[in-house]
Amino acid sequence: MTMSLGPYASFIVTSYAAAALVVAILIGWIVLDYRSQTRRLRELDRSGITRRSGRSAMDRP
Amino acid sequence: MTALSALIRRDIRIALRVGGGALIGVLFFLTVVVLMPFAVGPDLALLSRLGPAILWLGALLASLLTLDRLFMADHEDGSLDLITMSRTPLELACAAKALAHWLAAGLPLIVATPVLGLLLNLDMVATGAVALTLLAGTPALTFTGMIGAALAVTLHRGGLLMAVLVLPLSIPVLIFGVAASQAVIVGPMSFGAPFSILCALSLVSLVIGPFAAAASLRHGLD
Amino acid sequence: MTALSALIRRDIRIALRVGGGALIGVLFFLTVVVLMPFAVGPDLALLSRLGPAILWLGALLASLLTLDRLFMADHEDGSLDLITMSRTPLELACAAKALAHWLAAGLPLIVATPVLGLLLNLDMVATGAVALTLLAGTPALTFTGMIGAALAVTLHRGGLLMAVLVLPLSIPVLIFGVAASQAVIVGPMSFGAPFSILCALSLVSLVIGPFAAAASLRHGLD
Amino acid sequence: MTLIDLANPTRFLALTTRVLPWLAAATVILLAIGLYQSALAPDDYLQGATVKIMFIHVPNAWLSMFVWGVMSIASLGTLVWRHPLADVAAKAAAPIGAAFTFLALLTGSLWGRPMWGTYWEWDARLTSVLILFLMYLGLMALWRAVEDPSRAARAAAVLTLVGAINLPIIKFSVDWWNTLHQPASVMRMGGSSLDKSFLIPLLVMAIAFTLLFVTLHLAAMRNEILRRRVRSLQMMQASRIAFSSEMGAGSRHDNASKEIGAA
Amino acid sequence: MQLSGRGVICVRGGREVFAGLDFEAASGEAVAVVGRNGSGKTSLLRLIAGLLIPAGGTIALDGGDAELTLPEQCHYLGHRDALKPALSVAENLSFWADFLGGERLDAHESLATVGLDHATHLPAAFLSAGQRRRLSLARLLTVRRPVWLLDEPTTALDVAGQDMFGALMRDHLARGGLIIAATHMALGIESRELRIGAVA
Amino acid sequence: MQLSGRGVICVRGGREVFAGLDFEAASGEAVAVVGRNGSGKTSLLRLIAGLLIPAGGTIALDGGDAELTLPEQCHYLGHRDALKPALSVAENLSFWADFLGGERLDAHESLATVGLDHATHLPAAFLSAGQRRRLSLARLLTVRRPVWLLDEPTTALDVAGQDMFGALMRDHLARGGLIIAATHMALGIESRELRIGAVA
């Protein structure tokens, strides 16, 4: 299936591509951030710091 | 009432003795105005077309230059603690401080407009229009800028961060101020519409500014 | 040397933390640039003609917004006493402080110029020219501004004297900076002449600034 | 699970872990449907194929405002109830909102070039969206610049609420001033004036993007909670060291009972 | 009149400074808050003054003016003295008198009491540390407030100044006022001690 | 080493504060400057530190490092503590150590001595009044200077802090340093008194 996008194809494609790119950046940022935070929590956990309740810093119910 | 007028008188007195509120704005204006011919070349028609924009930019920047210490100085010497504790509602005290700032720093700009208008090749009517829009619009600049000044205290941060937070809020004021003056100078739009929006903006900021500033100060206590 | 580099590192660190960092500086210039079309109107040709002036005004403003507290903050918390007493010559300490200020407030603007040039519709050559003039000229703004900052401490006065003394000194810098950039963009003058004057101004201020500031601080002791 | 439970960060983490995969799956499916339908949508008789930009532009434009709305509600939570989860919600939303606003501006100008013959025009709608974008950036700068998150939260909340005034201006700017930009055609009094063949894909895309926002927001909130947990644990570590050396002043209590991460 | 706190919790910068603090002070009574550096004395005064918000517990004044909040009935004398260097001694004092409002004394008289009547026209920038402190004290005299919250009030005062200040406090208590003072030294008047934090 | 002043005249704001003041202090000796508020104690310290210029008379240090001026051999501890709220405790201290230069001690060690080693990474904005004072004291320890000029040094220190500071001063004197301290209270060490102005 081919679409005919007319004389402004580049504009349309750029729009969709930009949207995809920005959303991908957002997702990438969130995933990387999650990784680094959990890694730091694990490090703290290993160094023996626990939360007040005595549970490990990492445990997620 | 005595409390508020005491606050206003004190702030104006300090501004005149220390900050030189009046002169800094006027001088800043002058710099901006002197600079323009070099930027756009010796084209008098163009200069007078840009006149209102230049004056408005000057006003905006001059108020930024002095506004960021509006609450910070009082915070640093402990006055703000006493003002917060006092029987005067904090919103009113904030409004009084902003009013004092406008009187010391905004009003001189308006007074100086006719002189600067001459330098920018504006005719009498145009100068009058710019002065009028400044009179109607600069309170909005002060009262929105006040929010940034209060945030500066809350955040322990001044300078550029404050400017970055406040400038977007002042863009509408700038747009309508310049639009109203341009309407008089080149037409064809009416002066009334943008001017009344400008007045509306000032009135809205007169209400929102003190409340937002007081809220920010209250929540930033420590 | 350690003493001076410690001073520079401290001042930059404080500027980045309190001012909000280089990013905020860039954001500030972005806002100033975005502001212009609102004031001047949406005329791209005019905008690119005004471009250098706008960037130069941004630079002036960013240095003015922060410069007046260059020595005042150190004076108020007593650091200046210790700096004066130390084994480092006061002239060098002043120069170090000004350098730190330029690195924190002036350099980000120059780095951001290419991006801002795009928004102002400047082409590559023009953007390069503006960046070059800023690189050559902003030190002069900082180092003359420093004199005003020192006088502000001596005279227990901030804004007013700062403005009265510094703005006139910085007007030539602005004029030659804008003129040099304009020469590249619209011609027909040569770029070399105003640019070399600009460099000369910077060099002169690099020498005079620290001496004048240190003298003013020494005589203002109390 | 009641609202009170939700307010507890640990419960919140548990909930998001359970819900996020489903949300992500739903987003992907709806996006696929929306993209397929918009590919099939006919050309507009006036705008030609460029109308396809609408399916990206309009959802992003709506979301740019919606996200600020979410942040405003969270700000009320911060100021009125002083709830730490509200801080987290507001902080996590800002970059996502900025991204959507950026896309609305970008796709708008890409659409503007064929339609109006210019990428950018200083008209009221465009200008107010640009201001929205600058305010998003300002908020992000504020969050980054301030160490103490609860202090930053309160300041950001005030600024967010003040900035909310911009929302009605964006929404109604096309009605108040006659501008280049399209007046409302989907969400307006008296029903939509848009043809079904455009309306349905548009609505699907809008729902898909909203789901995308919810997914990203919950994930970002989770990150933020973890970040604060790390911070409070690090502070705890610092004061542990203090106790072992046992000297001088300072609080001897285990710290941060109010710190969200310590919950 | 009775000022009382129940189970007050103070959190600063994310760290708990003290928790579960109970205290009370009645009319005519002075409470000296003592404790190590950083134990939270200043924080307690700021909590009472409404300048910090307690993370838990309540602070209330019974028998005061029902129309006014607690902070509105307090004088707070902190480390920072709320003086403007650019204004003269008289201007500084009369500003606070006008701004704080309520029942008040003649400004010149209170300047005489604190020993600054010869310096009324001097800018506050010219004052020595002890003179600045005296000027702050004059504020407490000029405007009447039943509750005085004093943070290390005798700092920088010379011996004569400390005596003068002791007399002022006794006067205030005799008129039914109450005083909460954070201090590391003897307060110079009879007072009950409130210890915060572990014993040093 | 011997610090001496001869006929020192001090004029501030156009008014003569004191005139014809003679004083001296030798190695291992502490001088307590006493006098009423506004008598000129702070002014005297600032004259010695080179922060004020005497309107008459001379101040000289004999037997010190001949290559250095008097102020360069002094530590000055004033009312204002030269701390930057935005920097951490450790950053504040290490800046002054680097900037002042000369012979010096490990920064962490002196923080431990003043009881701030648990707070090295806290921003100075978070410190209580006494903790700020302790941080200023750490500066005196980290960088060695023979002459200490102290302006009401025990302000805001708790009892333990005052003891700690007394020990530090004795240490400094034992190493051959000399101390000039303006104070309204007992200094906590043996000292000679220098009275300025009329007797209170």
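By letter and in written order, the chains are A, B, C, D, E and F; residue numbering begins at 1 in each of them.
We adopt the following convention: a residue touches a chain if its C-beta (ideal position, glycine included) is under 8 Å from a C-beta of that chain, and two chains touch if they have at least 3 such contacts.
Labels paired with UniProt names: A = Heme exporter protein D; B, C = Heme exporter protein B; D = Heme exporter protein C; E, F = Heme ABC exporter ATP-binding protein CcmA.
Computed from a predicted structure; not experimentally measured.
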Topological distance between chain D and chain E, in contact steps: 1
Residual chain clusters - chain D taken out, nothing else repositioned: A | B, C, E, F
Per the definition of touch at the top, where is the C-beta contact count highest among chain pairs? B-C
Would you kindly give the rotation angle relating chain B to chain C, two copies of one sequence, based on a CA superposition and rounded to a multiple of 5 degrees? 175
Using mean C-alpha positions as chain centres, tell me how far chain C is from chain D in Å, no decimals. 37
Would you mind pulling out the distance in Å between where the CA atoms of chain A average out and where those of chain C do? 39
Distance from the mean Cα position of chain B to that of chain A, given in whole angstrom: 42
Within chain A, the set of residues that touch 2 or more other chains is none
Two-or-more-chain contact residues of chain E, please, as numbers and ranges. 12-13, 36-38, 79, 86
Any chance you could list the residues of chain C touching two or more other chains? 18, 20, 24, 27, 31, 34, 38, 41, 76, 156
Provide the residue numbers of chain E that touch chain D in the complex, in ascending order. 11, 13-19, 36-40, 55, 197-198
Residue numbers of chain E touching chain B in their complex, please. 12, 46, 49-53, 68, 71-72, 74, 76, 78-84, 86-87, 91, 95-96, 98-102
Within the complex, which stretch of chain A touches chain D? 3-9, 11-12, 14-16, 18-19, 22-23, 25-27, 29-30, 33-34, 37-38, 40-41, 44, 47, 49, 51-52, 57, 60-61
Which positions of chain F touch chain E when the two form their complex? 12-13, 35-38, 42, 79, 115, 122, 126-131, 133-134, 151-152, 155-162, 184-185, 200
So in the complex, the part of chain C that touches chain B is made up of which residues? 18-20, 24-25, 27-28, 31-32, 34-36, 38-41, 46, 49-50, 52-53, 56-57, 60-62, 64-66, 76, 105, 156-164, 167, 170-171, 174-175, 178-179, 182, 186
